[in-house]
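Paired with subunit B in one complex and with subunit C in the other, subunit A is shared by the two complexes that follow.
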Partner chain A sequence: MTTVQDRSAMPQEREPNPALSDPDRPIGYGRVQRKEDPRFIRGRGRYLDDIVLPGMLHGAILRSPVAHARLVSVDTTEALAHPKVRAVVTGKDLEGLNLAWAPTLSADVQAVLATDKVRFQGQEVAFVVADDRYAARDALELIDVEYEDLPPVVDARRALDPGAPVIRDDKEGQTDNHVFDWEAGDAAATDAVFARADVVVSEEVVYPRVHPAPMETCGAIADYEPVEGRLTLYETSQAPHAHRTLFAMVAGIPEHKIRVISPDIGGGFGNKVGIYPGYILAVVGSIVTGRPVKWVEDRSENLMSTSFARDYIMRGEVAATREGKILAVRTTVLADHGAFNATAQPTKYPAGFFSIFTGSYDLEAAHCSVTGVYTNKAPGGVAYACSFRVTEAVYLVERMVDVLAAELAMDPAELRLKNFIRPEQFPYRNKTGWEYDSGDYEPAMRMAMDRIGYADLRREQAERRDRGELMGIGVSFFTETVGAGPRKHMDIVGLGMADGAEVRVHPTGKAVVRLSVQTQGQGHETTFAQILAEELGIPPEDIDVVHGDTDNTPFGLGTYGSRSTPVSGGAVALAARKVKDKARLIAAAMLETRPEDLEWEKGRWFVAGDPTVGKTIAEIALGAHGTVALPEGVDGNLDAEVTYDPPNLTFPFGAYICVVDVDPGTGKVHVRRFVAVDDCGTRINPMIVEGQIHGGLADGVGMALMEFIGFDEQGNCLGGSFMDYLIPTAVEVPDWETGYTVTPSPHHPIGAKGIGESATVGSPPAVVNAVVDALAPFGIRHMDMPCTPARVWAAMQGRPTPPV
Partner chain B sequence: MTSINVRVDGASYSDDVEPRTLLVHYLRETLGKVGTVVGCDTSNCGACTVHLDGEAVKSCTVFAVQADGSEITTIEGIAGGDGALHPVQKAFHEMHGLQCGYCTPGMIMASIDLLKENPSPSETEIREGIEGNLCRCTGYQNIVRAVQQAAGEMSGATGGQA
Partner chain C sequence: MQVPAPFDYVRATSVAEALQLLERHGEEARLIAGGHSLLPMMKLRLARPDWIIDINDLDELRHVTVDGGLLRVGALTRHADLLDSEEVGRLFPIVHDAERVIADPVVRNRGTIGGSLAQADPAEDLTTVCDVLRAEVVVAGPAGERTVPMAEFHRGPYETACGQNELLVEVRFPVRAGQGSAYEKVERRVGDWAVAAAGAAVVLADDGTIAEAAVGLTALGLEGLATDAAAALVGQRPGEEAFAAAGRLAAEASAPVEDGRGPVDYKRHLADELTRRVMRTAVARAGALTAVPGG
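What follows is the complex of A and B.
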């Protein structure tokens, strides 16, 4: 347990190793400023669209204006006649190359370019390659496509109706819009608990479709070199190694001749995990023209066609005693997956880690069943910091606990405190099979309540209610599950979810660490240097962190699901320890003593009992690469490589409290305060952790109040630009108040848990719980996101869940 | 094609451009000034913000021909001749006001313009002053702190105002 972080703390002057004397023991060098910043603040970052190759052409995609239609004809004659056009590719051309369809990350297929039908508005129909981006766009206008309209399936609740149009008639044996059924927990045991419970509450809770909308959209530059048959592919990819393997499988180019380079990425947020048709089309364009081809989508293409997030319609039920002991949670979910099942998650988990919906509570039983359906919408589902559907799981349980609190007329914070898994119960196996690694929930909850002045706020709320003012206090307490994952259980298209790290100490004692994961702003170039610095005593500024280029980094699955610290962070620590062990052998040879007579202090092996006699890592590195007679079996370098297969995931947690004021005349919600207490175990760099949390909290306010990808009944996307898809500006979010506790992960090499997605996961229920709390005088028990002024106003008029 | 003369980050350029060429594409693709980036297609995000004759503009919403005869400053031209960081650049780094860095050039250019108009803005004035610039990573708070610190430094006060 530690004290509340002072949020106004300024970056400190860095001392040699403040962690040594810091009672919080942030690892490495603590609040180190970022190594990435110097280039970004000067406009010297290098993002995909900044890259220019000799002879490079530009691609653009013609997209379907309708949601569901048979493709009658695609006439490219006029486009091909454009003087600056070098190629036009259609679905028919791709069929000849066996590339019209590509496998997705969910064992389905996705159309690269439509051949038979279009299945969502914005779907890829043709690809133009031209001399410049303006000409490519011009030529799109010259392509003549004839569509024969089909009735679209827009409402997931009607997708399985008898007689519903079958979207995926391309799939043999597919006669309806059913994708999968999946369940977890014990249905019979759960039903039995519900049958004898004093109190049962039930509510339909919708987590609407939203979009991660990174500031930089998706793009690729393909450079196919025909003489040697080599493909260099620059991509906005969160998982460059996995992409390389998938491209080898799809395109038939051998893996050693594919080099994927993920440059600086302007935010990913799960949007840049999968392979989009545009990437494949850039490769096809390069093969066809013999020149490099760049494809960069615009914002509306990004919002309309790349991975959406959420879209879960959840029926939640909670069984409890009259005294407020929560006994069981049961839920059925209808999951809208769009036209192609391209959800990114481990193979055995078609609903991701949704079964963590038992939350932070000690239950007697739990059960969920999830049914996925096809609709005429863009594919996706797992994105936007969801940790594989944990956002949905946490939203369900935290919303339902509030529904129960209302039913029992209990304070929602007290109800949670009453039901927490207790610290002595960890490692705790929940009723759907997860083993939570560690947790101490009550101190975090108490800290959040103290920090915000919970009791005073409740008094203030009562007074305001008497005056007719609408003030709400929303509580959310969440348990995350991040760091996928153990190879035995978790793979993505057959690739086990381990991650690699390679450490090299150069002869002068400077070092490089190469990662299989890929930062999109999370600060890996700084924090991974800090891990190595902590382990080897080399200052972070003497350590270069390399990632994103598959030719010179070890294999691994990339960055998403907050898995970098749990998996690759573990790999770096273990690789550093291998280096340290080897350094001991070399130091012993240099000092002409036995390795077991040496002791380690940060950065140095010395003779036990005589600290004046020793060798630093730099001296040992020079020795290893020099002329020192090395012990038998020790080769002449100071390098190590580790592929880390984590024994379990990590389970960070947090206590969030949000205060809102609702304008009774307009329904506009103002977020007055937001306190977030997080616990991610050992904190590598508190400054970066806080920045991650701030960003995620803004996501949560955005989703709860503003963000929405809707569709009309013709299947027109209604959130397809920043004019309609509203993300918060600096004006819509408050100053965040953060605090923390430290409960290390016992199984992780440095005790660290993931954190990046916690705030996105934990904050939406806090905001919605606050809004619903504010609306309690209207008898409202639930309303669906986004709580826009119009929808809040409708709720106040007795229409809490207006139609989409 | 139309001929234009501009000064960008202190250097003169004469180029023939199509009248429809957006200023942001002229800067990026003709001059290679790729520090200025594009984040949307509806003029909402402000990632492309530069200074046109001393005023912050979204360069995706200006044609290059409209900049004929103008002085343009981008993120690449605000550090001192000796490479010393502008106080706003320095503050973004020190206050951790950036993560992926993609909104950063436009955010810094907008902040410099804001501080020129209002050298000691309140927190609310800062938030309103950067409302035309979207950020997906930071949740804005550290950006606000950075602008506060820079305001303090530029007005000669010692230390930040956080």
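What follows is the complex of A and C.
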């Protein structure tokens, strides 16, 4: 693995003060080895399926084999007669409990078990609880369901046709498949700019349906204790607190009697944000049988029925001068939301933060309008590391800038450099209302071009083209908006998007920090310990990070949209500062001096003018819990709690360049090189930052080249196994070459911006731009993902087709 | 976790016992070798045998030996064993070409040549390799052993000459002096089944013309060899013109179907493209092998 940046040459990366600590074991920011890794590497992680409770039963879900049908009857007699079956639950049974439908995260409802119709292939129809997983699965085959087929709506483009079958006839007043219309920007101003522009380019750009496909599938164990009426729910959840509140609202169990535990999570990527019918069914199963019930979906269930991602059909248009000044961007989007609108977006943002499609450019005007439709496909739409539709927005604008470069016969890197928002323009208000907090784009772009040897590559490309070889260079420059949100603007089902942290320094100076956010592999146990370490001077190894248990952590909305460090990270820093302030008062009492006379160095308050006289945090902690006479109004602990409501989002950015070679005889794409220069502001643990980038880049190559959930005309899912839904391996990805610049967020307590999704957002356009660039000799300006050999070959024949 | 339907399991200790068990448990019994085709089908409940007869203890079926002008490969030989054998790579480079692109190391460590040929998946690679090398398959049954040429053994997708009460015990490849061979596959991703693949073997005459040729296609709807393509090559001087003609005829002989891996026109194009490529490589390799070992 190559790291472009020589670490010693990077003054921006905050290295620890060698006087204070060993550089390999920084007390604060730096390359601390992940605290959670010993347990994962030694197989001591504890995932949901590792948990076995006494007397636990197992659930399995019968799913619809068809995309759209009326449910005529469900006969469970034979299944109930199976000797190992303890319960069979149908939609009718749930109706009796008022649980057949559950609210989604987007003000819609979703069937827990079908009662009237099935609306996508894989929809939940019945639930069996049995002594073991095998018996539960066997009994599914004993349930006799009669379906009466209905015509399905598969192509989102046909969903609003006058005669289209109405999928959601359960909703009163719903007479078509329309979900929402939403717009941002100024349509009239944008049209005016387009009308006078020298050059307008336009293209239909499809971001196909893909799936987060975490290594661990989704699951739950419900343990309902009837005497006290307590529910303990183990779940694969990225948002345990939000889930608890929603369960309280839906299931009618009081919130204080519900405990949600999210154990180690084997990848989320947004897939584990929502509440799936299976979770609710596990609870029902436990209530019905009086025993704990485990339900874990299999791979096909995960791919076919849980939250997909993307599925945006975008018409993009760019207006520019002949000299290459980009004036305006306009887009209309058709968003496929599947059978239920279950996308997880802040309430006021039904298309997420798609309105960041103005990218990194200084525009005169911009406008987008998004229409959401129902189709007979699985619901969802949040997922896959997209920071609320920023992925689609970045892909659109970065693809369209390349289309413009082709039209103007300009170099795509030069065209970007010419149009960047300039550093002095920050904070920059874009034409759809976002305030970009900070940015300095040109150095990042120049660094990426230097690292990859951009000019030399263009020369090599020209030579290869003369020989009939297909080499492509793809550039993308992204700006994200992450860290939702200010809670006055952003909520999910009414819960404001703030997050909390609670810090306690124990009497011996060790500490615990409790978080409302939930790691799924991002390394929170290390990063958050480092934030506290940097603030208080307690070594990270002396800090325990607790998360994933609603009984032991403060309330908050959880981890997705790259929000953990921007939101809970801010909370940890502020809570630490409260502790530090309190420590000063206690230290002053201990030193019999005035707080104003004390100065701070990492880990210690000392007397100004006499540095030898001071108290370390550990000494102060012991003092606080000991017998020191505390000043008035100071209680005897070193604890603090903060719920952080960010004043604005943060805006990470980056410059990515990808080099591909395409086999002209087979259409096969080989990714030769990939340089990623990222700017996420303050880099808390550069190693974890790079890990996040590596993973995201692999995601991006996967989406660009192979990942795709397709459907046939009957609405059968064609991506229901890893034989059909391809994810990349080490063989398909190059050695990542990473670099960075540091432009801290001015409003964030530690200047950190979030890195979890940057690479997933930024890399697909770089790869596709490279492929399209390779195909330029064929007169191709655009092709849609995934760039599989067959689809690339079709493009070479002059027939690029949208994915179906 | 995907879970199969109930089944019973028994481990055979000899070929004779395996045959008895097949006889005893009848139609609903299946042999299991590497399990990399059978177990996925069972987990998806596409296959539901009542009995699984495990033949993994039959060491007598796991060998790679050269003997009397024949390379003899036991049916239980793993993909990884073939790939590890330098002799196989030297005598039949096509086998290594193919093995390198069959699945991934995890699958290759368990999957067997016998299981591959018996499964006869339309996208399975070794059937084409065996076709092109004119291999013979040894099948053991209640009445003893019989040797079946590959052309008769492979009857079509998922269909072979191996009966329900029979066991594939060995595959035999005739070693030919001066033979060159090659295999090439297009896959969407490493470890994926073929979008399409082609294999070829050639022997050159003293005057440098093509004396013998065999061309086979994988996942392209052609059962057996592309005989017209091979016929067009014989007697020709190897070169782009001859390869192009062979490619065209191979494409004509192909009958691909559209699926997630690609449309018909693309696959037909690959029949042509890959035939030309494997011919180039096979010809370049021809002559490297002059003496037949042990023969």
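The rule is short, and it goes like this: the second predicted complex is superposed on the first by the 775 of 804 C-alpha atoms of A that agree within 3 Å, B and C clash if a C-alpha of one lies under 4 Å from a C-alpha of the other, contacts with A are read in each partner's own complex, and residues count from 1 in each chain.
Following the convention adopted for this analysis, a contact is a pair of C-beta atoms (placed from the backbone, for glycine too) under 8 Å apart; a residue touches a chain by one contact, two chains touch by 3 or more.
The structure presented is a predicted model; accordingly, all values stated were derived computationally and were not measured.
A.B. asks: For A:723 in the superposed arrangement: first (subunit B), second (subunit C), both or neither?
C.D. replies: Touch status of A:723: both partners.
A.B. asks: Please work out whether A:521 is in contact with subunit B alone, subunit C alone, both, or neither, and reply first, second, both or neither.
C.D. replies: first
A.B. asks: Using the superposition on chain A described above, determine whether A:298 touches subunit B (first), subunit C (second), both, or neither.
C.D. replies: both
A.B. asks: Quick check for you: in the superposed arrangement, does A:240 touch first (subunit B), second (subunit C), both or neither?
C.D. replies: neither
A.B. asks: Could you say whether A:790 touches subunit B, subunit C, both of them, or neither, answering first, second, both or neither?
C.D. replies: So A:790 only meets subunit C here.
A.B. asks: Counting residues of subunit A in contact, which comes out ahead: subunit B or subunit C?
C.D. replies: In the superposed model, B touches more residues of subunit A.
A.B. asks: Examine A:137 and indicate which partner it touches, taking first as subunit B and second as subunit C; both and neither are also allowed.
C.D. replies: In the superposed model, A:137 contacts subunit C only, not subunit B.
A.B. asks: State whether A:42 touches subunit B only (first), subunit C only (second), both chains, or neither.
C.D. replies: A:42 contacts subunit B only, not subunit C.
A.B. asks: Identify the partner contact of A:731: answer first if only subunit B is touched, second if only subunit C is, both if each is, neither if none is.
C.D. replies: Touch partners of A:731: subunit B and subunit C.
A.B. asks: For A:215, decide between first (touching subunit B), second (touching subunit C), both and neither.
C.D. replies: first
A.B. asks: Of all the subunit A residues, which ones make contact with subunit B and with subunit C?
C.D. replies: The answer is residues 49, 133-134, 298-300, 721, 723, 729, 731 of subunit A.
A.B. asks: Quick one: which bits of subunit A touch subunit C in the complex? Just the residue numbers, please.
C.D. replies: The contact residues of subunit A facing subunit C are 49, 133-134, 137-138, 296, 298-300, 665-668, 705-706, 710, 718, 721, 723-724, 726, 728-729, 731-732, 788-790, 793-794.
A.B. asks: Considering only the defined contacts, which subunit C positions touch subunit A in the complex?
C.D. replies: 1-3, 5-6, 44, 104, 186, 188-193, 195, 260-263, 266-267, 269-270, 273-274, 277
A.B. asks: List the residues on subunit A that touch subunit B in their complex, please.
C.D. replies: 8, 10-11, 33-34, 36-47, 49-50, 52, 132-134, 213-217, 264-267, 269, 298-300, 520-523, 687-688, 690-698, 721-723, 727, 729-731, 733, 735-736
A.B. asks: Can you name the residues of subunit B that touch subunit A in the complex?
C.D. replies: Where subunit B meets subunit A, its residues are 18, 20-21, 25, 28-29, 32-42, 44-45, 47, 74-76, 79, 85, 89, 92-96, 98-105, 108, 123, 126-128, 130-144, 159-160, 162.
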